[in-house]
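Paired with chain B in one complex and with chain C in the other, chain A is shared by the two complexes that follow.
Let's look at the complex of A and B:
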């Protein structure tokens, strides 16, 4: 493969991000029970050790089948470039074989997900293949690749100038690092109920595992805190992903199809919007049981209506644009119009909204866990607060850090996502950007003249504007409510 | 729009949503895994007559469609069956918990509205000033805090460290009051901390809403006109900007009223305040599904009703709707 048609910047991106993605994947699947004291040699050895990946095999099989299907469909359809489908097929086959193999072939076929000694190889191959897919795609569509690079760079330029966005990003980077490096920061075995490092509720002291004091069982609060980062982030992100997919799909459909379908979908959204999420989540958690997969689902099920409302109001505006008329005139199907014309135009708002939903999802997870509905086998920040509160230790002077550490982490992460969401809102929405430029309070006339107001290179807004979900609830709700 | 048509449409809409939510409530407790009869009954050992009572109350011996029909007969009559923990009708159990919640939530919301409005108006008016920067970013931090965590910190600091307020509950346990004044003072003493906590977290939200709404209004041409006429800053703010900015905020805050019940769950749980929030948490931990079902319905209907009130208020506040 020669990279003749590939934008050089994209080439550099691929060479940067493929290794980073590989490291992230390896860290995320690093065996939990290797302790920090084992040393750096073990870290290296860990990639080759006998239990690198504990993926559930059915997930991999499913992924393999899906990718294979996509590749096969793309191969059958008349298209000029066949290399992308081919790469996808290889990727799918790779996941498929890996899944089968992890599932216990050639022995008896079971989907228990047996840890495998060569899993790291598969991960590496997968990551490299994904990079190759992007490479091939860029080669077949050089113009679009160029456009993507240009767009990304413009957005990043704007984003970089927004101090809130950057603060949010750095906070997030910190917590993601803590989550990824958890096996090296604290041994997972310290989370066992029997692994006590001191008397119950003892205050912080110099020893590493006692920095934050001990829990009601004498466990290390620091170790709990570090491993909580993983669950809190993963649950927040996955719940958001599910919620966004549901919300965006329903929002686009409700906006695009007028009349019957749209009305029915909006009525459904309204019902979910008025159902108070916390009681609903409590009932669902009580009924379905509590493990973190179910918590994810519950949060997703209760948080999608906001997204779908925001998306719908945007779709209603996009639908009226002339190019949709044109697409319909030349006979495009509804599905095609929604996918190729509507989705790209509302993608910005979906993206900005998604980041804000992450903040809400993390808060929701914390709330549910605090009420004792969290996964009893895993720690999250909410679970930690639940334990300290339920055991009556929250009022002792020695547990200050036990209460403060998870709480401050939640505030920091939620704030980071809120900041990032607001920043993306401003970067992606030209209207908001203009608002920031033109209104400077009552003294706008005096101070406005001195600041340059030129297009994209505007100075960053100095203050936080409203998170989109608040705004969306306010303005769109009332304006749409008045619609008849 | 015609006034009668507007109101009819709103009320019908609200009724339809209530019907849908109530149906959802029925479905929700019927799709739970396992036999609904078991879910609506206590876990473990229980008496046979209790089963009979419960089976009868929920018509569980009937086919599903009949159960659904009975549900529609019983719910408007407020028959929700028996709380198996308290061994009393659910209506009674829920009824006595309503007033503490209204007291707490009412006081908190009132405070939150006043604080949020005033700080938000000034932040929006002097946008990008130091005051705006500080107050709005404080608001965002407060908005990011889990409610229950703030409550824990409040108790830790004000009750345990400083000893100014009691740790929880609505009244001092086992107290005999000398008169109504003593009772009033005691309840007030218990109320201050949770209400203040409630107020602060919601005020942050209202602050952000008010500020954003003010920003939107200040872009409008009539503000420029008012300024061009040579009106004073105060006049422009209070007579031109604020009345227009109030519109969306008032509606939003009215709708938020409905949601405070679920907000109360956390505050009441941490402060041990004997309201609906604590009740739903207790029934959750006891798996007291009949009570949970009633509270759930009550919470949803509260939201719908406040939505309706917001729509009606909007009609009177915004002259454009009438035109």
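Let's look at the complex of A and C:
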């Protein structure tokens, strides 16, 4: 069976997404001062400059150790041959060497790393290796790869038919592009307090940097807005990631163990749920500092209870299903049951909830920044609103765009994530979907979702699962985590 | 299987620590209660039976009489509010009641496996069936997935499923096939004892017959000890060497199946047999047993079957009789008989 080869569609996906991932990572760490005016040759050079891929060395070393460990374990207990473990070991070694390189020679070892001119090369190799790992995995698990491709395509088909989801996605793509292309859209030097482009609070005018007018220091609002996009999105996404991991872990543990373990965890959750999050976040920000990484942590720490409640309720339903008892009868450990049987069955709800938490996280970041607890060294949309408010310019007619630009951007991004969350909820929950299809709306017809994916229908490729297993989950919570 | 080969020496060596026991699995005076807000439900109240190697035992009785609880207690898989109060479960001379959860996980499936009631739900809907069958193999024998899957293919062949279907999901299989794959899973680690908890409920009659035939064939081929839980007496009569009739958490009659069916002594057994249509004495409608089993929260003194018994005497209300051996290997719990 192992010689069946990898699904051609997955092959195409790897060839498409490896370069895209490379470009995204390169742009995220692209030199900030290489604006479009420096000339084409310089711009291309920027992709290989020393600021690209300058991640902290400890992160790289940690990643390397983790991947090496996974590879080593897989090598000791090979599941499907030794090719995937070997690929993982190579990848881990690459991260490890990269981390050591970034940290420097023993004499001048620095755990936070330093800019190096070869980092881009390490990054390129790493991304190619990740692609190779996926390739090898698909080669050794052709059935599962086929299934994954099939599932992804089905979800995408359904998602594409959902107008809310598509509107949300396009809004998000727009803002992600703005964030990634920030160096080309506005030179970072325009954020300098001394870099004024005109008198304070002047209205919008035709010149590019004055499109949105000027700030209280005469800076370009447009440049601030463009660079703010980055921080707002990064903080929102990273905070959500941390919050989801905490929330899901606590929710699964609380739901699965029940009794006093579960009670203790849920009371802890309740404590976090009933403490008004804003005062808590303000206290934490005052105590821990206002670096944007710390803001991220603060938001994560205050936003996980919603996720954990939603996940727990789903786990309570899943753990009563007979196959959990069967798994116990087989002799599986609790950890094994939670990982292999519970998590896959609650994953859809975690995912749908995550997207809604992003919206909340972005709003939280804005709120904190607006109150003056944002990172003073970086602009975010909330920070912009804070400055215009604090300087008393928010009522001037000439600053209308200064207020509106960040305000509307926040509304748009939050709306986009809410739309996407609702869409995923519908796509992943057959019950919501069924109702829709039975009303015979025009959408089902023109969306290309010609195979009705409801209930226990057998998928065309004789291997596919998604609709049925989600159907079997029984109760479906509406994903309404977080604060109201 | 290695335990069987080295049995003589091992048994000698371990004889000092081992508790005297007969057969492979012996349940002695087992009591398991469920805790409710109102008090303890005495779901199993002093049950004793044993299964020898290669023997098949049938557990029969109406719903709620404690059949399933009895075997779940053997494996210590009782729900959270259930607990074993007293008694012994001797498997191969080891007392399972005293084992820790970790110790039990080594026994479960490796030595004793279960075919669950309603196999359609005992499979994880998001995992391929083959991988689920492979799970106990990888878990207990630490072999690689490839090796385990190879064995799964053999097992599928053994239970009559096309091995190419290992990568299918539960919803792609029919009920009978899911039941077969559960049987394959039960056999995965070469257990000595397999428990079938109503393995044929929720299947249609044709498939039921196939599954029972399959179990019977496998039992003979692999020399398994087998416990069949069923409320279908005809199935029990056909497949089991020994029968245990349970009522309201107690064993009321026990013995070789021939004895039980040819010469039922307990009124409950008699009525239970009468409740099934008999093809030999035609034109007689099957008769149901009037009334309901007693509330096990606070069972009345005396015989538990007394309210529904048509042969009851005043003494039956006072005293709960003990099990009495009527003929060799045939035990009955009834004042009238003893």
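Following the convention adopted for this analysis, the second predicted complex is superposed on the first by the 422 of 484 C-alpha atoms of A that agree within 3 Å, B and C clash if a C-alpha of one lies under 4 Å from a C-alpha of the other, contacts with A are read in each partner's own complex, and residues count from 1 in each chain.
Just so we're on the same page, contacts are C-beta pairs under 8 Å (C-beta built on N, C-alpha and C of every residue); 3 or more make two chains touch, one makes a residue touch a chain.
In this text the structure is predicted, and so the values were computed from the model without any measurement.
Asker: Touching A:322 in the superposition: chain B (first), chain C (second), both, neither?
Answerer: second
Asker: Can A:330 be said to touch chain B (first), chain C (second), both, or neither?
Answerer: Only chain C; A:330 stays clear of chain B.
Asker: So, does A:155 touch the first partner chain B, the second partner chain C, both, or neither?
Answerer: neither
Asker: Identify which of chain B and chain C touches the larger number of residues of chain A.
Answerer: Counting contacted residues of chain A, the larger count belongs to B.
Asker: Give one of first, second, both or neither to describe whether A:341 is in contact with chain B, with chain C, with both, or with none.
Answerer: second
Asker: Taking the superposition as given, does A:278 touch the first partner, chain B, the second, chain C, both, or neither?
Answerer: first
Asker: With both complexes overlaid on chain A, does A:414 touch chain B (first), chain C (second), both or neither?
Answerer: A:414: touches chain B, not chain C.
Asker: In the superposed arrangement, what residues of chain A touch both chain B and chain C?
Answerer: Shared contact residues on chain A (touching chain B in one complex, chain C in the other): 462-465.
Asker: Across the complex, what residues on chain B touch chain A?
Answerer: So the residues of chain B touching chain A come out as 1, 9, 16-17, 20-21, 24, 28-29, 32-33, 39, 125-129, 132-133, 136-137, 139-141, 143-149, 152-153, 155-156, 159-160, 167, 205, 208-209, 211-213, 215-216, 218-219, 233, 236-237, 247-249, 251-252, 255, 258-259, 261-263, 265-266, 269-270, 280-281, 284-285, 287, 289, 292, 295-296, 299-300, 303-304, 307, 311, 314, 321.
Asker: Of all residues in chain A, which touch chain C in the complex?
Answerer: For this pair, the touching residues of chain A are 77-81, 143, 258-259, 321-323, 325-333, 336, 340-341, 344-345, 456, 458, 462-465, 468-469, 472.
Asker: Could you list, by residue number, the parts of chain A that touch chain B in their complex?
Answerer: For this pair, the touching residues of chain A are 267, 270-271, 274-280, 282-284, 286-288, 359, 363, 366-367, 370-373, 382, 385, 389, 394-395, 400, 403, 407, 410-411, 414-415, 418-419, 435, 438-442, 461-467, 470-471, 473-475, 477-478, 481-482, 484.
Asker: Residue numbers of chain C touching chain A in their complex, please.
Answerer: By the definition above, chain C touches chain A via 75, 77, 80, 104-110, 113-114, 116-118, 121-128, 132, 135-136, 139-140, 142, 144-146, 167-169, 171-172, 185.
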